[in-house]
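These are the structures, in structure tokens.
What follows is a pair of complexes built around subunit A, which joins subunit B in one and subunit C in the other.
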Partner chain A sequence: MKESPPKSARGRPNYGTRYAGPTALWFTLFFATPLVIIVLYSFLKKGLYGGVQPIWSLDAYRSLANPTFAAVALKTLATSVIATAITIALALPCGYFMARSRNQTFLLLLVIIPFWTNFLIRVYAWMAILGNNGFLNEVLHRLGFVKEYVQFLYNQEAVVLVLVYMYLPYAILPLFSTIDKFDFSLLEAARDLGATKLQSMTKVLIPNIKSGVFTAVLFTFIPIFGAYAVPLLVGGKDSYMLGNVIADQLTKTRNWPLASAISMMITVVTTAGVMVMMNLQKRDAQRLAEEKLSTGDAGGGEQ
Partner chain B sequence: MKGSDVKIERVSKAFGDFKALKDVSMEIKKGEFFSLLGPSGCGKTTLLRIIAGFETPNDGAVTLDGTDVLPLPPNMRHTNTVFQNYALFPHLSVYENVAFPLRIKKAKGSIIRERVGDYLKLVELEAHARKKPSQLSGGQKQRVAIARALINEPSVLLLDEPLSALDAKLRQHMLIELDRIHDKIGITFIYVTHDQQEALSVSDRIAVMNQGDVLQIGTPHEIYESPASDFVARFIGETNLFEGKVLAVEKFNGAPAGADVSMAELEIPELGRIKVTTVDEIRPGQSVAFSVRPEKIVITTDKPATKRRDINLIEGIVDEPIYSGFQTKFYVRLSEQAVFKVIKQHAVYSDEGPDIVWKDSVYLSWSADDGYIVSVKES
Partner chain C sequence: MSGFVLIRKPPTGEAARHARRANAKRFSFSQTVFVATTVFLFMPLFVLVLYSFNASKGMGWTHFSLVWYEKLFFDSADLWHAFGNSALIAFTSAATATFIGTLGAIGVNWYKFRLRAYVQAITFLPMILPEIIIGVSLLVFFAGVKLKLGLVTIFIAHTTFNLPFVFLMVMARLDEFDYSIIEAARDLGANEKQTLLRVIVPVCMPGIVSGFLTAVTLSLEDFVITFFVSGPGSTTLPLYVYSAIRFGVSPVINSLSVVMILGTVVLTYSLRNFLKYIAAK
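After this line comes the complex of A and B, so read on.
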């Protein structure tokens, strides 16, 4: 159940706005303003050497219809969906075993430790592992599994692998905290009533930790959809994502309105995704509320 | 006869250093309402979980109708459980909770509708089919849990302290309800409880457990009237338990023909000389534990006029009368150390005489037949 928005209780002065002031100011300065600038830029004509000319134009959005962008956009979407799916699939059992473990604090620490190292350094670490003269190839070679070096880096698989690695903790943490509150005796009940181990997970655990799965999906899908550094560093030319196209448009092609328009596209897609999922959640909550209101009426068998 | 007989043979279970069950054996008959009764930590829930398949014993065997069930996972056993906290699925409606086992089995829609309807009717919840568990009262949740556990038509229903979360009045009601359901479907019920009243009122037989051991198995009457040990006597109902020495033993003439009953005279430091009948073989000089239930004692302010040899009579001073409507419980002080519990029922037509109050001098009397030798200590 979501809490209702805070209301001033019976005529007492509401200090809410005053307390929220600094945060509001911060977001206006560093979040809303840049967003407005991007929106504006996306509707202007491009300057000759970067920047924009103060002339309204839909050129940027027209160029979006370009099949190359459409291909990159689809590719980005596919990569994000695959990487998110793998991340969640790995994070679910992790979160489950952490929640059931007696060493929760220790395991939580293990999940958080990677955050102590800079994001880029961790990407470079993966490059050191996967590179042609890297650790993995070295091991395979020494063990005699391969004669020539295997090309692990600079392809789509490497991008997905490193993206999954990067965002796994963001999925594990919300899943862990939801599963931790789950009543495990429900799984025993399911088993008792005839469910196999797998069925008790899919039919009882998952439906009861939906909110955690939802949060985990948001926390991984959104950053992955806007990924820039990972495909740049470990991907090949074919694994370019929208983030890389934006960077190219800004720094190389110097088409700022187009870069802004692509940014807008990412914002719109992710926001739409969030809203769809939130709506699904809300509908769930609403259905429950309606069922609550209609208590006492003749139920009978429903499907 | 529906249901299965359940045989537990020399089952042991330890959790680390803690021995939850020590070499426990019992045979539960088809269709029986069988209770496992004991204080918390006595191993009763562990035994239930072993039968259900949630725990594996370190040693021993569990068979249902002669089939070893220990290798089977919980979902393959013909047992279903009513859990202490109900364990209803919060994301499913009452209807879907009850339908869950059938959906797992992939039963046909028409069969599901019919069976769920039947079982919701059995527990009188048809009107609440569409509600979520969070919208139900404790008693209703309990009924959903029972319907859900029964819909698979198990041959044994396991109930793990199912009424402990309900208030006293509802508990009484649900107990009658459980008894009705048991009579109606006739399968074996194994009922775990720490509440002796619950166990006594519904069980066909009871196993009293303590610290991983089974102390006594018997009908409620046997358990109450002839407890096999001091612990059982103390745990089941209230009792006055004293230790003493056997002075003399003679044949009891008031016993029904053929019964081999003897009358013993005991020397009990707190009570003096007490007469008691027993079927046990006892010899003068042995130490025994003697028990008499508080409700078997007549309390009067005047000395009762009886010449019968088998009536015991002692004197004391009322220390504390506790009135509870239908009865009054008296703590009667016999000496510095000894207190005797007496329960007086308030009958309607009987002449109750003057009220007995605090500090009254009273006479306590009971028939030798109502006392009981709990155990004989070897001398």
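After this line comes the complex of A and C, so read on.
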């Protein structure tokens, strides 16, 4: 994590707790406590009208193994993996192009402006494009490509498309900032040594920006894995994701322990991903430090 | 031996290859993808702008009209009420988060104390967990302490997800702080309070201001968490938009979108200039 050694001079009173106390209190009360409650609830029996009964039970986790939920969980995972893969595949060349450009500020602005637009408005815009009487159908109809209106909305493909749209900037930005620090002369060197363009990318660029790629994957995968609004608005019955199940269990079926157990599942997956990311970054930082120590060798980098 | 080949192929000397690579930069693969992605990113916004000026209710273009803007500004009382709620929550939660978060960042950056690692970890977590987890856990918490869902619960939720961003931005500013200024202030006899108010806070101002504005933006933007912790009568603008678009297209939302997009661009532009102005001072 961040290493900023405290600079307090010796002998002065320590006001640390006083300064950070409100922050600690706020998060303990409104972040840590609710999470602990969720953990507890996931091990309790469900109440008759919502809420829980104070009886220990593994019912919630048992129903996670139930085929219907397992199917939704797998579907959520598949959707997240596909959407993340498409996002990264688009974001990598974009980040590379931006990093090599001379107009970085302008290109960054281009990527960020759509991102500033309200989340729901962007979803809505896609509904207006893909809807039965939407922009796309209108254009196709006028050009004479289709006679009947095509149903683009309310299916799995629409969910993936809109998810990719929503989280593209999340992937482009970290990739851009990592590639920006990359030493492009290494690519020249690879080409001079006979690598093809593709080889120079896959064997030189990608291994050097691994931690950036992982950050981008995480930044897209985590919100997509917990998606709620997008599948609700542009998805059909078959594109329900875990987030929607949680909401349903909470507000309709009123099975709070189950909602808590699913939330726990998402939290654990997320936390595990973040821990791997932090380890990777730590390793990267160590490797950089070691390389710095060993500069002076003609070889420089490893391999 | 391979004279024939040499004639047909361009020279492959190193200099020539460099030159060729430099010349061949016109339409690279990455550029094509970038242009396509930018078009992809802007297309929805373009469609919204276009149809906000359409006379008809549907997506079929009839003719230019400002009817949806007229409706937005003069015939959408509910929408403006929701906007009022959003603005109220955005400013109160951003202000609270900025106050608490700035102090927290200063404490963590400055001192070594028992809670330090805890504060660092717990300000990091809310940023990475999916929104729905925060929404659900707060809903369950509010139900547990029997706090009625409404503006107060939304305020608490928004302050909670705003705090980490303020904390992070002030921390970033503190990290590039020249500590000799503090030493100088101390040597000149400033006490803790004077150092804080006259030295640390002014130097951190860009971080504090951008933290505050980020918090306002995030709060105005949030749908998922608000959806879980809102009650009857506490509709915010995103919740209003949600109920309007839930079952299809509603043209007032087109004009609202354009006004919001313009608002963000203007706000961000002035923010940039403001930050530049502060930095130059």
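Definition applied: the second predicted complex is superposed on the first by the 245 of 303 C-alpha atoms of A that agree within 3 Å, B and C clash if a C-alpha of one lies under 4 Å from a C-alpha of the other, contacts with A are read in each partner's own complex, and residues count from 1 in each chain.
Going forward, contacts are C-beta pairs under 8 Å (C-beta built on N, C-alpha and C of every residue); 3 or more make two chains touch, one makes a residue touch a chain.
It should be emphasised that the depicted structure is a prediction, and the values quoted were computed from it without experimental measurement.
Q: For A:I82, select first, second, both or neither according to whether it touches subunit B, subunit C, the two together, or no partner.
A: neither
Q: Just checking: does A:V150 make contact with subunit B only, subunit C only, both, or neither of them? Give me first, second, both or neither.
A: neither
Q: Counting touched residues of subunit A, say whether subunit B or subunit C comes out ahead.
A: C
Q: Check the residue A:F135 against both partner chains and state whether it touches subunit B (first), subunit C (second), both, or neither.
A: second
Q: Using the touch definition from the top, say if A:I121 reaches subunit B (first), subunit C (second), both or neither.
A: In the superposed model, A:I121 contacts subunit C only, not subunit B.
Q: Quick check for you: in the superposed arrangement, does A:P93 touch first (subunit B), second (subunit C), both or neither?
A: A:P93 sits against subunit C, while subunit B stays out of touch.
Q: Return first, second, both or neither, reflecting whether A:A20 touches subunit B, subunit C, both chains, or no partner chain.
A: second
Q: Check the residue A:S185 against both partner chains and state whether it touches subunit B (first), subunit C (second), both, or neither.
A: In the superposition, A:S185 contacts subunit B only.
Q: So which bits of subunit A does subunit B touch that subunit C touches too?
A: Subunit A residues touching both partners: 188, 191-192.
Q: Where on subunit C does subunit A make contact in their complex?
A: Within the complex, subunit C contacts subunit A at residues 14, 17-18, 21, 28-31, 33-34, 37-38, 40-45, 47-48, 51, 58-61, 100-101, 103-104, 106-116, 118-126, 128-134, 136-141, 143-144, 156-157, 159-160, 163, 167, 171, 174-175, 179, 182-183, 186, 192, 217, 220-221, 223-224, 227-228, 238, 241-242, 245-246, 248-249, 253-254, 256-257, 260-261, 264-265, 268.
Q: Residue numbers of subunit A touching subunit B in their complex, please.
A: The touching residues are 183, 185-186, 188-196, 199, 203-204, 207-208, 288, 291-292, 294-296, 298-303.
Q: Which part of subunit A faces subunit C closely enough to touch in the complex?
A: Residues 1-2, 4, 6-9, 12-24, 26-28, 30-35, 37-38, 41, 51, 90, 93-94, 96-98, 100, 107, 110-111, 113-129, 131, 133-135, 137-138, 165, 168-169, 172, 188, 191-192, 218, 222-223, 225-229, 233, 243, 246-247, 250, 256, 259-260, 263, 266-267, 270, 274 of subunit A touch subunit C in their complex.
Q: Considering the complex alone, what residue numbers of subunit B touch subunit A?
A: 52-54, 73-75, 79-81, 83, 85, 87-91, 93-95, 100-101, 104-105, 109, 113, 116-117, 126-132, 135, 148-149, 152
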